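Read through the structure below, which is laid out as structure tokens, and then see the notes.
Labels A, B, C, D and E are assigned to the chains in the order they are written; within every chain, residues are numbered from 1.
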Amino acid sequence: MTKLLDWFSAGRTSGKYTLPFVVILLSITVLASAANLLLPQDSALYVSTYSITLLGKYLCYAMLALAVDIIWGYCGILSLGHGAFFALGGYAMGMYLMRQIGDRGVYSNPLLPDFMVFLDWKELPWFWLGMDQFWFAMLMAVIVPGLLAFVFGWLAFRSRVTGVYLSIMTQALTYALLLAFFRNEMGFGGNNGLTDFKEILGFDLQADATRVSLFLITAILLAGIFVLSQRILSSRLGKVTLAVRDAEARTRFIGYRTERYKVWLFVYSAVIAGIAGALYVPQVGIINPGEFSPINSIEIVIWVAVGGRGTLIGAIIGALLVNYAKTRFTAIMPDGWLFALGAMFVLVTLYLPKGLVGLYGQLTSKRGAKAKQEATS
Amino acid sequence: MSAFDQPLQGLRDTFRRDQVWPFLTPEQAKVDVANQMILYVEDLNLSFDGFKALNNLNLYVRDGELRCLIGANGAGKTTLMDVITGKTQCDSGTVYFGQNHNLLTKDEADIAQLGIGRKFQKPTVFEAQTVFDNLELSLKTDKRVLPTLLSRLSSSDIERINDVLAIIGLYGQRFMKAGALSHGQKQWLEIGMLLVSDPRLLLIDEPVAGMTAQETERTAELLTSLAGDRTVIVVEHDMEFVRSIARTVTVLHQGSVLAEGTMDQIQSNKDVIEVYLGEEADA
Amino acid sequence: ADTIKVGVLHSLSGTMAISETTLKDTVLMMVEEQNKKGGLLGKKLEAVVVDPASNWPLFAEKTRELLTQDEVDVIFGCWTSVSRKSVLPVIEELNGLMFYPVQYEGEESSKNVFYTGAAPNQQAIPAVNYLKDELGVERWVLAGTDYVYPRTTNKILEAYLKDMGVAEEDIMINYTPFGHSDWQSIVSDINKFGSAGKKTAVVSTINGDANVPFYKELGNQGISSEDIPVVAFSVGEEELSGLDTAPLVGHLAAWNYFQSVETEENEEFITQWKAFTKNPDRVTNDPMEATFIGFNMWANAVKDAGTTDVDAVEQAMIGQETPNLTGGIAVMNKNHHLSKPVLIGEIQDDGQFETVWETDGVVAGDAWSDFLPGSKDLIADWTDPVKCGNYNTKTKACSGQNY
Amino acid sequence: MNVILTLCLLLGALMPFSSAYAATGEASAQSASPMLVELTKTKLSKMPAVLEKLEAEGGDAYLPLFRTWLAGNLYYVKSDRTLVEKVGSGKQVTYQVMFSGESRPDITKKQVKKVKVNNKLRSLLRSVIARIQLTSENPKVREGAVRELLAKLDKNLIGILETLYVEEESRDVKAMMGTALSLFAASDKSNSQSVRLSAIEDLSESLENDVRNGLTKLTNDSNEAIAAAAEKALVSINQRVERYALVDQLFFGLSLGSVLLLASIGLAITFGVMGVINMAHGEMIMLGAYTTYVVQLMMPNHIDYSIWVAIPAAFLVSGLMGVLIERLVICRLHGRPLETLLATFGISLILQQLVRTIFSPLNRQVSTPSWMSGSLEINPVLSLTLNRLYILAFALLVFMALVLLLKKSSLGLNVRAVSQNRNMAKAMGVKTEWVDAMTFGLGSGIAGIAGVALSQLTNVGPNLGQSYIIDSFMVVVFGGVGNLMGTLVAAFTLGIANKFLEPTTGAVLAAILVLVFIILFIQKRPKGLFPQKGRAAE
Amino acid sequence: MISINKVNQLYGGTQILWDLDLDIVPKSITCIMGRNGVGKTTLLKAIMGLLPIQNGEITMDNEALHKQSAERRAYAGIGYVPQGRDIFPMLTVEENLRIGLPVRKSKDIPEKIFELFPVLKEMLHRRGGDLSGGQQQQLAIGRALVLEPKVLILDEPNEGIQPNIVKQIGDVILKLNVEEGLTVILVEQKLGFARRVGKEFRLMEKGRIVAADKMENLNDELIKQYLAV
């Protein structure tokens, strides 16, 4: 225990972005929340609930990107199926919210969600049991993705499935889940998924205060996960992770069981994705199998690449930026926004090989070099 | 008949009186060198698509010995190391580390943790990390996940790394990315990684390739000083170097041992001259 | 505001763009027409188009954007049921107004939504009746894409068919994933199922993209409409325009509208549409008519209410009447669904439908199916005193509504 | 002599001589037959009666009329109710006077009205035509006519068939007639038990669907011996049918496999050999499909040949697009394979939106050439659809051509060298830039060709590519990256597995199971079916 | 033959070659020596065109090379045997050898290569990457010889090669130099070999040529100054 505390306190020195990031993130969220709750609607500084939910969604995506970056950027495992863990976390939360509706559904069935009633289900499937308990559902939101990641990772890493083979298998995984969740027989609402939630822990989901709280919680968790991840990655385990990424075979020859490292990192990443999914659902109000779609998972990878792979801050910035661009583009030029987004991806790849964070690095190093030059001449 | 051979053999092995059942042997038990031998390689066979890379190879190495392994290109030296370190699965034969560790049942990480370190023929280091980190990773520590996560560099660790940095002459480059080192520097770094991990048995594949004469000398000194506490097996084609360090030399040819003896014996061996050294041994 | 804002919430990219883009254009055309007529309440109409990109959560987000950022007065939008379900909580929370123009599975009635597409009883049930009575069909294949609309429709049809005495083994139900493209086995199964000596028909709730390969396979395996007719609920003129229809002549569709119906209103509408899209080959279809009716009703309701205030317009909507493009008058009922005629048409080789049967009068859309055990007792009625979208006539209770 | 006489008598019974018969060759039959005018005035629901009268009146002579009607090409001139036949389609419609064939360029679309036809009527028309065609010159037609009538046998018809049977010279037609006679004899309760039993015996050879239906009915016959015999015959027929069903399934599997193969060969090059994670591969397929559409648009009167133009055109369009992409983007990403994922994803978005903008988001219509339509009927329970058959052959052909090209030309060697060590390849004098551009162009071009084939099977729309990209990657990886043979085997394995699962599990579950199978399989063989071996593959 | 004029080269921010001048005498065998990391490999890569140079010029027979791509330089007659061999690992030995054939517009691998390295003929159909280190080195030299170059660049060609073949390689270099007038640039650490084969030497330190002379003038002092650690 003391060892653990000790370990954490050692983390304070790691990562020069950590502190500024946490401070900026939390102050923005607190200010925005205050502006939403305390200021009158017509005030110039008022932040609309629309913006709050939007920001909340972005932060969930940022958390998801963080999860992908940890295993891709740091460990070299390109997962094209992380959307699956996100969606599973989301479904756990969705099931809880669904059960919270109780008999306020359109068919007033106290036990069965509406979609089960009209498809003529008679009883609640076993895997829905217990989901009316918040703690249990939240446990599931991390355990199910974690367990899936563990089983999948254990199989794959032990058999030394690597590279594109692994990537495509993760894609197959999420694709299989997509098809499975589409099936109405599965008992997750089929294509429609779960929606029309009413309240969470007794708080009205449509109330501004609830939304703001969710937003704040997301920000705090994101900051926490960021710090924790930063700490983990700057420990020796982080160095092993990089070693695995760059020369896995060599790492084994100096005595590390790389498959175990990979499995645990994969599980850690999946759990983060699950948490992100669980936070996402109450804020956007729906979870459905579309989240399992392979294209979604590819997009996550792209956020990370745009922001800058291998830097946690890059993943977050990438997620925020791409999603903000999407929001803006779809509203400003609904007919041509794909041109803009596509071009953005191409240009970033061509001109910012290390992503946006790399751009910052380039600029500062250029400035630094210039300064040096001036100093020497 | 032959279909039963393997399981039968397996059964026999299981009940050998001189051995503890494999599943009862403690994973990291101390290496048993009561018989002075640290490495037993017996009847090793390995073929790739019909090509016999190792052919009934037998090799015994004493504890604390410095053994040179030479042999023509393609004789199977690197392949032998691959088998010992668990990189390659052999077709038949046994490899024991001490009397109690059957290496053929273990994987690379296990073998490394038993204390067998290796330097590759083509230097492989973690290019994206600094020289220092490369060494830190190679430290002899608990390499399980959780301990690694919670571990911190102790001052003795740092000291050890600095010592090694001095030995390999990369102190000045310790915060440089290993990928930016020149070929020869990578060779040194790899030797450093070996040193820092404090192994029982070192397998060193062509350490002086690409080194200047003086560096070669230094390497020779280094390796000689290591022997005694540790066992060192060196593969090299540089005869001068081999001569300067060797006590026993084993010559491999076409996957089996062609000759074994002192350097002088070897250098006058007709077969060795014919297939390996050439008419007038080149200096 | 000095304009009345009309939100358009149809996917312009992604998988649904194929269907929804047309509806966006239809709304734009309607807005333009209305402005030519001088707008509404003395103000011009202004369309606000966004692209929810076939992404369901994005539909909710964009709805919120339309209602709170753009402050639109009405939204025309959605195609798939899941997008509608995603939008529903938002539109109810913010008390917006939406017109949904696509045939769907029913089982819903929101205060803030008007359903101008067909409910199952306005499409599926009449189609089955036609097949049974006119073509003597005794064996049924219910083939659909695996999602809620086909599932529900088929549940309803199954119950209905069994009520009529069709045996279990004379019903074959088959679901396929979205975008299913390899229909060889299924078509061959259908063929086998239909070769048992009893007249067989396929009732297809196959959606969008999967239809083209399905019909191509039908044609290639030589299944003609005389052997095994297929009646579809999601295949209209637009879908046919992507197909060589020659091998499909005689297969059927049930809709409330066909482009080929000859009425003055329709002719005008088609001309307008071709002019608006500057494409003489552009076709029209049923969801377009539903949009047309919805738009006109809304415009009239705004005029009647003298305001765009949602509550006022909502009340003014009920009982609105507007001419159908196929003749007769569409009426907005208390359950926010329309009364419309039902037509059955056969595919022609020019990609149009030839009406072969139609209901005598209009059929009132039923929000809650009488053939599902859970919803038998439910009705929707948005007038006093009930004012509820899912009122249980047995328990006299209204459940789960926030307004 | 005797025969002819009987035949004449027969025909006479079937269609009493009428003025229509004599008038056939003359300018207009209508003046002579009010029935034909009636045709233009009757409501659809009353039409069957009219048809019956027409058959009785005109018989053989009205065959062209019935055919035109069935095809939906029968119109009448509004002003004088002359029946005309619509010829041609699209913008090149002309009208010819029914029977005389006289062209009437003066008549326009506006002046005519269609004589309606619906399913019920079509079905009747087919029977009528079949009855007339029993005496056709062409044995194939006669055989078809008998088959058509198998389900509609009655005393009258059997009488005719019996006579025709004696005279029939073609063995096939005779056999078919025999089947018809036996089918009737077996179910005719007025026959003695032994006659019926031997008829059933005869039927057990037939694979005709109507025979099976007839036999199924007989299994409920009050005569137990008959029921048992029918049961037995059915069992033996069903065994054969099932065997053919297996062949059918195999064909479906091969056919799905060939689609997967086509979709993934291009990727096997751009991704498998070059190592570019090419997310725009699907869009290259899409471009090929759109090229087919444009080609058909440009040669509306030569749809049958359009494919032969479309194949090279699609290869060029997609290939050039590939070269363009390579030169502008991919070539700057050497040594950064993961970044190609990002860039090509961007490109795929752009290309999708591009066709959406140019061609609209709607599906485009691509017609199937007549030589590719229909199916190859091997027997009544086994027929292979022609388009699938051609596509299967085509896929194999493209595959072989590619393998040959890579084997025989230096391109194959060079591209592998470049992908393994670009710098060293340069130092060996390999024009790496040219090799890259050509290879990417080749892979893209082949994807374009795949698009031509897919346009025959599925939607030609902006999402076409998206629906194949996942499958393509799956196939290439399952087969073993960099191994063309692996791609071939993987495609067919997955195709066949899918099609053998589908009947028991349904399409959705089959797809899921195949995915799970792939995931588990890769655990066993982490580098696919045909892994790259050797020290360097580590 | 080849002359290098004030070449500067940088890796990212760090400069490796500094205003480097070097003249290679035609038909000579020039041995470049220096400690690890002084920039020998970098220099050879710059000559071959595998690394861009910052400025300066490289000419061959008075034609500017530095503006040409590496493949053009191969056509111009430079053969390169890199340090670390850089075999195409998944190509067979035969394919490795065939790669260079188009440069000489020939269809067959010259038989002399198999005479020089018989092991290559034995292993013709094995993947290059599967060969032992020494076999790969022989393949790398053979591969360069397929180009029938005018100038052969060898970066530590004896690394990992068995003694009798080292000798053989030395003989080959001398033979090609004498019989075919091949110009050779050789980076070599082993003095014995350098002395036996080299005609000229150049010593490098910190990215510069610091000494140049005939091989016989390579004395212990120079060695001590520039090669000892």
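The rule we apply is simple: contacts are C-beta pairs under 8 Å (C-beta built on N, C-alpha and C of every residue); 3 or more make two chains touch, one makes a residue touch a chain.
Source: prediction; values computed, not measured.
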Hey, how far apart are chain A and chain E in touch steps, shortest way? 2
Compared with chain B, which chain's mean CA position is the farthest off? C
If you average all the Cα positions, which chain's own average lands nearest? A
Between chain C and chain A, distance of the C-alpha-averaged centres to the nearest whole Å: 36
For chain A versus chain B, what separation do you get between their C-alpha means, in angstrom? 45
Go ahead and note the Å separation of the Cα centroids belonging to chain B and chain E. 31
Please output the residue numbers of chain A that touch at least 2 other chains, ranges allowed. 179, 182-183, 249, 335, 338
Residues of chain E that touch two or more other chains sit at 130
Among the residues of chain C, which ones contact at least 2 other chains? 12-13, 146, 175, 177
Footprint of chain A on chain B - complex, ascending: 85, 87, 107-109, 112-113, 117-118, 120, 124-129, 133, 136-138, 143-145, 148-153, 193, 197
Touch list for chain A against partner chain D, complex: 78, 152, 155-156, 159-162, 164-165, 168-169, 171-173, 175-176, 179-180, 182-183, 249, 294-295, 298, 301-302, 305-306, 309, 335-336, 338-339, 341-346, 348-350, 353
Which positions of chain C touch chain A when the two form their complex? 12-13, 49-53, 55-58, 60-62, 64-65, 68-69, 80-82, 85-86, 88-90, 93, 107-108, 146-148, 151-152, 155, 175, 177-178, 372-375, 378, 389-390, 392, 395, 397, 399-400, 402
Chain A to chain B touching residues, read off their complex: 3-4, 7, 10, 232, 235-237, 239-240, 242-243, 245-247, 249-258, 260-261, 264
Mind pulling up the chain A residues that touch chain C in the complex? 48-50, 53-54, 57, 101, 103-109, 115, 117-120, 179, 182-184, 190-193, 195-198, 206, 284-286, 288, 290, 327, 330-331, 334-335, 337-338
